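Okay, got some structures for you below.
Two complexes, one shared chain (chain A), two partners (chain B, chain C).
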Partner chain A sequence: MRRPLTLYGLTFSLPLLIWQLLFFVFPLVFLVALSFWTVKNFRMQPDFDTVNWVTIYGRSVFWQAYGTTLAMAAFAAALVSVLAFPCAYAIAFKLSETARRWAVFLMVIPFFTSYLVRVYSWQIFLSDAGIINVMLGWIGLGPYGLLNTVGATMIGYLTLTFPLVVLLQLFSLVFIDRTLVEAAHNLRCGRLRTVFEVIIPSARVGLVIAALFAFILCFGDFVSPIYLGGGDPTTLSILITDTTKSGQQWPRAAVIALTMIGTLLVVAFAAVRFAYKGRTK
Partner chain B sequence: MKNDTLVSFEGVVKRFGDFVAVKRMDFEIGKGEFLALMGSSGCGKTTTLRMLAGLEAPSEGMIRLSGKPINDLPTWSRDTPMVWQSLALFPFLNVVENVEFALKMRGVGKAERRRRAEQWLDRMQISEFAGRNISQLSGGQRQRVALARSLVVEPEILLLDEPLSALDAALKVRMQSVLKNLQRETGITFVYVTHSQSEAFSMADRVVIMSRGQIEQIGTPQEIYRTPRTRFVADFLGSSNIFTGKVTASDDGGVVLDTASGPLRLKSDERHVVTPGQTATLTVLDTRTNLAVTKPDGPVNAIPVRMIGEEFIGATATIYLETGTGQEIRVQKSHEELAGIPLEIGQELFAWWAHTDGHLVTED
Partner chain C sequence: MSERHAGTGGLTRRSLLATGAAVLATPMLSRRAFAAPTELTMLAWYGHAEPDIVAEFEAENNVKFVPKYYTGGDNMLGLISQSPVGTFDVILSDAEYVQALNEAGYVEELDPNDYALADYFPEFQNFPGNWSDGKLFSLVTRFGFLGVAYNTDALTEAEASSYNIFWDEKLKGKVGHFDWHLPNLGQISLLNGNANPYDIDEAAWSAVKDKTMSLRPQIGGFFDYGGTFSSLNDGQMLAFAGIGDWITGVLEKNGAKVRSTIPEEGGLQWSECFSIGKGSQKAELAKKWIQYITSAKGQAKSANMAAYPALIPNQKGWEVLQAENPAEAKRQGMTKDEGNVIDMIRAGRIKYRQWPIQQSLEDWNDFWSEYKGA
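For the complex of A and B:
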């Protein structure tokens, strides 16, 4: 039922509404407009020309970066979901109430430090003269080129998303009705099978949302691909900075950014739909 | 029934830390029996059921199913399906998928399990809801789904943990007859946990009354109702008048108790041997207690009482009375039986019953 807007309601919702208008809707509209501007002699001028869209979409570099970013973000989301689940499961089902509170606290701690700092500290571990290679050297191995690889980017992505995904999964697992688990056991569903037959379906919405968050964060991330992946392969975020740097091509960068926003909207919509599939109020 | 024992509890104890939930249970459940475990909350009835289901392990003693010890058998290796108080239906599966679940776990093929699930939906008269979500069903329909889900594997025994407590009164009565008929038709042993006397007494072949982790009495509903064995059972059923006093005589001629309402006589009972000087408790059913205007003669106990209230339900009247010492007693009679008795608040009457209608019970 729709209710009429009251002054009381407006008082609380208006600041947020203004904030959203100022810092989300206006920039987005501007970004759309910008994507139709043209650049002449390193100067942008307002225009309505589809040349940027045609140029960007006509470049194989863009599509390569798009495919890479999509694949890497999707792989990272899947990987972090799989790695985080046993952790979240153990915290939710195996720990005592007090231990669970401590585990949640520990999962929050990574957010105390900047993501950039954490990525830099990974460099200390992964570089050719870094901690890992030195330790491998003691037993006569290496050095291996660990830094500036896709694997290093993945480590960065995990650093970014793992605690968040564990927390999101945890919150959906702790609300599972324990009698459902008992009922499954009672109907001859063994312990491991219960995880797949009952626990994952019960926590499905939370698990999908957690993976979606991981995907969104990785898809737009600039830090890990550049500082741990060494910018190779090129992701969309790297492509945006490259585009702006080369000849003031802000309008072309806007095209890439809008494509990313569009992709995220589609993925988010599909994920939420999948999460709630077969559910009715 | 002894040869046909399906389940036996032998000295079963369950402790949770320092708390003893079940203190030494020894009883047997016969094949095809409808057994009710009854008691107030915290009496250990649900813990007993959960031990049978394998959801709790006994701290001591042995539980046998068909003669085989099952103490160490996890719940997923037993065939002891249970119906939960909350029903515990899987919300992410539809009705027919819920019913199929146990068959799927047993590796029954897709077509076969669908066929068997649909048979049970049909039997429970809910086949039209097969494709629905659990959230779209009413309480009674969910109940039937829960029963079908447990019964689809056609087990020897079904455990029910207060399954009707969430339903309204009318539906409760309907489901009671559904359950009783189902049990009779299938011949499956039902073990039914409840705190409701009406549920236990209307459905069960035998009732186990529990209190503080112990069995107070096992018997048919009639046995328990007519001759409660302990003070607790008499109080719990609430259908007896109870008098406590010192034994002044105990021989073949009977027992005499010296109570606050005067000496009361009753026949001796080999289950409750008492000796003069000891304290004993007498119970008499409120339906066996009569009213009279003048003190009746014969082999009866009669005590002067004053009427303090009345209550009519259908053809039965419950008259509340007070003895000289302020103890409340009740008389339950049909209107015909009360004809000619002046029923006014404050009326002085005699409450009486035959010596043979009084029973001794064990004090806790």
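For the complex of A and C:
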């Protein structure tokens, strides 16, 4: 049943609508328009030229960076999901009410500090003369090149997404109907099998959404690839800064950004579809 | 509705409002008595409007600088083009971009008689890009050299005296790039023996690209300003291409074991110039600032800027620096001794960093992206 629009209803919904129009739709439309502008002598000129799209899509560097970024973000999303699940599972099913509240609190604490600062502090651990290599040195190992590697970038991605993924997984795990778990046990289903056949399917929506968030955050991240990965390999976010840094090529950066947004939309729709597949209302 | 309370006596709403307004305005009045400082906006690299440089000028002229710092020439041009005319009173720009500022009409013409140009070394009196059709548009205020930056524990000065050291087996994965094509490719061009590193034909450009690509396996990373500092400081990178004393000087002063040399193949020169922004309402004060910072006293300060040290083009500035801070004058090579930095320029060992002449900037940038992705 549809209700007619009322002034009361509008006062609550309108600010959100205006906000979305002002800070999401309008910039997005502008970004699309910008991607057709041209640059002459460092000055952007409104235009309708497909040159930026042709140039960017014609460059192997772009596709290389695209593949790298996609693979790294997908791997990070899978990795963080796998690592976070035991943690979220333990908090949801093994801890007391009080301990669970403390665990949630601890998961929120990392957000108090800037992500950039946390990533910089990883350098102290990972550099050749850093804490990890010094400790390995005590037992006669190393030094290993840890910083400026893809592995270090992954650590940065985990720093960014791990607490959030644990929290998102946790919120779907705590709402699982415990009687389902009991029923599984009554039917002589083993503990591990219960996890895979009952708990994970029941929490699918939350698990997929958590992985999706991890993917989105990593796909667009600039900080970890540059400060822990040493800017090598080039990711799309680094390519955007490179593009703007020489000759004011904002229109080309817009092409890269739009491609990223498009990719994220496709991935998000696919993930949500998968998450809700087969569910009845 | 406007009932008066019994206890307020003859106080009317009007008198209450008047008193309130007067009370609220008191701080304004007292500030007025000391004359509020005039605000002067400066668009510059970080450090140029910090107290170690501007405090004295601010106190003497009752000025308060409002800095807007940028992170590169392109960023600077973007900020100017997106701001209304007259937003920035003083603009500091790298020499490569000065021409672009002129062409876009972003800066006011300067009167050469206003400035102590006669005190400048002759090489800097007609600095390229500062003049256009015999008119002065900006004034070079400081400069520096780019060569081989190295960790003094890992390399000797003799080893670091050629760009070839970057290919050394012991530096595998330990060579860093400052992430900007212009200084890095310029250095490879010098190594390839191009007398004018940025004015090279297609064959020479091809050779530069090939030579650069051969360096790729040695590279440990591509770093921005902050990353360059930290990776040199903690010894993660043992040699660096594309930078010079403007980075290592800061680290060296803080005790890090890093230095820069100008290798035998030659070095590059970056230069920073001051201009007055088009349509500035405070052009007179902006002029006064440029006079100050290009004077002997201002130059000596500028040479020792906390954010990043630099060489100065004013000879009298050298004298002040030698008297006030002989150690820094010596460290930077601004002494009367033979082989000082002006001698290096005169010996032809230093080339201006500039935009490529026979290729487009885009070609260089595209290659740089390719190189990074290789």
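Keep this in mind: the second predicted complex is superposed on the first by the 279 of 281 C-alpha atoms of A that agree within 3 Å, B and C clash if a C-alpha of one lies under 4 Å from a C-alpha of the other, contacts with A are read in each partner's own complex, and residues count from 1 in each chain.
Operating definition for what follows: a residue touches a chain if its C-beta (ideal position, glycine included) is under 8 Å from a C-beta of that chain, and two chains touch if they have at least 3 such contacts.
Everything numeric in this text was worked out from a predicted model, so none of it was measured.
Following the overlay on chain A, a side-by-side fit with no clash is recorded for the pair chain B and chain C. In the superposition on chain A, A:Arg204 makes contact with chain B only, while chain C stays out of contact range. By the document's definition of touching, of the two partners only chain B reaches A:Glu182; chain C does not. In the superposed model, A:Gly130 makes contact with chain C only, not with chain B.
Judged by the touch definition given at the top, the superposed model places A:Leu239 against chain C, while chain B stays out of reach. Residue contacts after overlaying the shared chain place A:Tyr227 against chain C, while chain B stays out of touching range.
In the superposition on chain A, contact of A:Gly190 is made with chain B only, not with chain C. Taking chain A as the reference, the larger set of touched residues comes from C, when chain B and chain C are compared. Taking every C-alpha of chain B against every C-alpha of chain C after the fit on chain A, the minimum distance is 45 Å.
Residue overlap on chain A between its contacts with chain B in one complex and with chain C in the other: absent. Within the complex formed with chain A, the chain C residues making contact are 72, 74-75, 77-78, 81, 100, 103-104, 173, 176, 179-181, 219-224, 226-227, 230-231, 234-236, 361-362, 364-366, 368-370, 372-373. Listed in rising order, the residues of chain A touching chain C in the complex are 41-44, 59-61, 64-65, 120, 123-124, 127-130, 145, 147-148, 226-227, 229-234, 238-239, 242-250.
The touching residues of chain B, when paired with chain A in their complex, are 53-55, 74-77, 79-82, 84, 86, 88, 90-93, 101-102, 105-106, 133, 135-136, 149-150, 153. Across the interface of their complex, chain B is touched by residues 177, 179-180, 182-191, 193, 197-198, 201-202, 204, 278-281 of chain A.
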